[in-house]
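By letter and in written order, the chains are A, B, C and D; residue numbering begins at 1 in each of them.
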Amino acid sequence: MDTMDTGFFVAWFEEAARLVRRDRDRLTELDAAIGDADHGTNLDRGLTEVTKALAEWPPSSPVQVLSSAGATLIRRVGGASGPLYGSVFRQMSKALDTPVTLAGFAAAFDQGVVALQRLGKAALGDKTMVDALTPASRALALAVRDGVGAREAFEQAARAAAEGAKATIPLQARKGRASYLGERSVGHEDPGAASAALFMAALATAAA
Amino acid sequence: MDTMDTGFFVAWFEEAARLVRRDRDRLTELDAAIGDADHGTNLDRGLTEVTKALAEWPPSSPVQVLSSAGATLIRRVGGASGPLYGSVFRQMSKALDTPVTLAGFAAAFDQGVVALQRLGKAALGDKTMVDALTPASRALALAVRDGVGAREAFEQAARAAAEGAKATIPLQARKGRASYLGERSVGHEDPGAASAALFMAALATAAA
Amino acid sequence: MKKLINTADTLVEDALNGMAAAHPSLRIRDQVVYRAEGPRHGKVGLVSGGGSGHEPLHAGFVGYGMLDAACPGEVFTSPVPDQIIEATRAVDGGAGVLHIVKNYTGDVLNFEMAAELVESVEVASVLVDDDVAVQDSLYTAGRRGTGATLFVEKMAGALAEEGAPLAEVARVAGEVDERSRSFGIALSSCTTPHAGKPTFDLPDNQVELGIGIHGEPGRTRAPMASARELAAIAMEAIHGDMPLHGDLLVMVNGMGGTPLMELYVVFAEVASFVKGKGARVSRSLVGNYVTSLDMQGFSVTVCRLDDALTRLWDAPVETPGLRWGR
Amino acid sequence: MKKLINTADTLVEDALNGMAAAHPSLRIRDQVVYRAEGPRHGKVGLVSGGGSGHEPLHAGFVGYGMLDAACPGEVFTSPVPDQIIEATRAVDGGAGVLHIVKNYTGDVLNFEMAAELVESVEVASVLVDDDVAVQDSLYTAGRRGTGATLFVEKMAGALAEEGAPLAEVARVAGEVDERSRSFGIALSSCTTPHAGKPTFDLPDNQVELGIGIHGEPGRTRAPMASARELAAIAMEAIHGDMPLHGDLLVMVNGMGGTPLMELYVVFAEVASFVKGKGARVSRSLVGNYVTSLDMQGFSVTVCRLDDALTRLWDAPVETPGLRWGR
């Protein structure tokens, strides 16, 4: 897999939708502990619409997949996670060069994370999806630097995201709804970080 | 105990108040099953007021005890049982001759039960307090006919009332709130019959 | 049991103090709730009452265009005659007083005693008995008074406000009752503060059909079902008793613990049922009006309107619980 | 979990259908609730919105003297930009539109996106953040918007109705928010229809202090206590943040599952607390206005009134959830 084609991007979102559907209740339970118990439902609704839109209006390029997914998430999810995830993919679509190489993917993904942080103003360690996406982006950059292949790179990114998500457990939330809980947010995994890990796991699967 | 004096009547209501306080939760639970879960509270509130009134304005005759108790129950209980019990004692006070013999007591009590039935229009077997008070009244009448002593007569009345209350269990209610339940009222003791049995038990204790 | 109370014994008094503090339009004395401005000469006075725990019924309906006084009893316990006598005397403006009584043995007996004992005031009374879940026969205490009480209070209140004589106000009150039917369904039991635990246990997959408003169990249990199916059960019971046609006033009433959002879901189903029968929802009310403490569930009350009743329903009303036109 | 719904997925749609059927004064299109009569030329349009499950907020406050449109999201989920854009365009009468936004990350982001994308309409926005339970610092998302939202919608709505320009309506909306503080206490968790079980477990002897309106847990737990003590906790928190003096508008708001009777008990305690501080309850509201599905508990919201705000509060309003003067 030297370059990533439209089918790869479609497969990514289909797999993400599958994983979120599978883990919907877990995500909602994580959100119940430190939020308002809707994250699983929100994201499941959004990704179901994303795959439906991709099926109804088959995209003809990776950029189209990303911009369609981004727009659908913004238009259908609501809550905090809708605009935030939507911005990641919308920004990624704007920054992506075709044909898509691993280096191009990594650079565009990083732009997506930057857009997310611009919008949500969360820093690393604030116990948000940023804590899973930033390590994933860093892992991709390192893989590019080290000349690692795409499949291996995405696996490293998925691992980094999963670890980043787990690492939110001891943190106190400073952004989003969980921040209202103060110290009581400590000891729980952030639901957005957990779903971000699923997005990265889906990426690895799509590349496998 | 040939005649019953004021102290006897006061003792009757004090003992009734004690028994109802003791069994308040049981009466309320009986009412929860086929009514609205307030009979114990209602009667406890009323009898507490009765004993308070008897202490504050010490009555000088049996008639005064009965009329005070009747009026207080009407004025303080509310619900169905307040006017009904109140009428029993108010009517009794009107029908009572002094000095109070067992025969006089029995006749006045029967008048009280008649007044209750006039007001509530319940017949024997309708699953109400009538099902405990009517057998009690009959037991007193038989005791008078057979020349039984007061203490023994009141004990027989108490037994008859208790049996009458238990005998409401298999009945279907036709009066009061329990009648709304139709067949579902079968299998439960009527709370008003149960409290009526306590009134008669108190009578036996007052005479003992 | 967790309740926002100080003590169970002072609950009614504490709540009435809160009402008095919140509503300068009310005056509360000896557990009777009055309009602050007192009786109006020549106007028929309207007095209602019943157990507490049904708020806003009745005290929340005291004010212009509705009641002149409400007599709240203890929780689920009819008021005592003293309250009713006091209220009846206080609201008489010389044109007599109408007692609006829900058909429960306790309410009926206490209002009857009061009506006998009150002197020098002409008293008429109307018995509300709209609940189709209870058979009206020799073998029951007759149909319960539930949601239609609000309709009677509103429409009789509007007529009294116009200066109609007692006999006419009583006649129309009775007519509203005759044209009204209700049916209630509980998803959970309520908990009375004195009992401290739910009045009945209801498994997670069952509902109580044909409940009253005292938290008592209903006529039967049925499996839990969708809002559509539950609404249909209630509406079939009503329609079976009083075929729906023409213009209807429809209330979907919450029992106290059900979110407004869900009541609207039920209302949508009720409205489509009505339409399916060729009748028309011409006026409606959705919310918690005749409640049973924290019970979850709903009741539907339907009244067949005519032009005169519609006019009375639309007339201005200004009470804590119902207000429009002023 | 037992809920009066058809399916969790259709809940919002079904409830909106019920609202449309119950209130001819509303028109509902693409999950936006409008006044039926449409925008008035020259009047500033008011748009609010947020997750569903807080009824009557917001959709129940659409009508004369309050909102022009409400955008309900899924349960506890902010609306999406499309709804807000559509609503903003539809209610513009040429004088611009005010967005009333509760301070939650989701609400803020979705309204911001909409405001950027809507073209040819002048948009101002006010952020409501009245909840003193949350510290307003760099380390939180800032104070939540809760009960004061109703105050802002009512008073800004009255001002818009008078024809004030957008900048002035926005300024007063911000002023109402600045003068308002809230604190909420939960006795039980609510159950969202999708989760199907309570969001949190709360033992029978504990309460959650400092809750928001999304059914989320509060800042801390405390032992269950009397209405007097719980009211004091809420009022001390408010008073500690904004010392009470002068004329106050006070709302004791139910979270959806608490009987009105108990809210009045709390109100009595709140009123006596206010009096104890030498301040005055000059206007009040007691009931379920800003709810969290079936949660049991209450919140108190206090606004320091001046003559201008009192006049705006008293101005006529005609919505399903709040009505007086018409």
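We take it that a residue touches a chain if its C-beta (ideal position, glycine included) is under 8 Å from a C-beta of that chain, and two chains touch if they have at least 3 such contacts.
Remember, predicted model here, so these are calculated numbers, not experimental data.
Among the remaining chains, those touching chain A as well as chain C are D. Inter-chain spacing, taken between the CA centroids of chain C and chain D, is 29 Å. Between chain B and chain D the centroid-to-centroid distance comes to 54 Å (mean Cα coordinates, whole Å).
Averaged C-alpha coordinates give centres for chain A and chain B that are 74 Å from one another.
Inter-chain spacing, taken between the CA centroids of chain A and chain D, is 32 Å. In chain C, there is no position where the chain touches two or more neighbouring chains simultaneously. Taken residue by residue, chain A touches two or more other chains at no position, since every residue touches fewer.
Of all possible chain pairs, those that touch are A-D, B-C, C-D.
Contacts from chain B toward chain C in the complex involve residues 28-29, 32-38, 40-42, 45, 74-84, 119-120, 172, 174-177, 179-182, 184. Residues 51, 73-82, 104-106, 109-110, 113, 133-135, 138-141, 144, 192, 194-195, 199-200, 212, 214-217, 219-220 of chain C touch chain B in their complex.
Residue ranges of chain D in contact with chain C, taken from their complex: 1-7, 11, 14-19, 21-22, 52-53, 55-56, 60, 187-188, 204, 207, 224, 226-228, 230, 252, 256-269, 271-272, 281, 284-286, 288, 291, 293-294, 296-298, 318, 320, 323-326.
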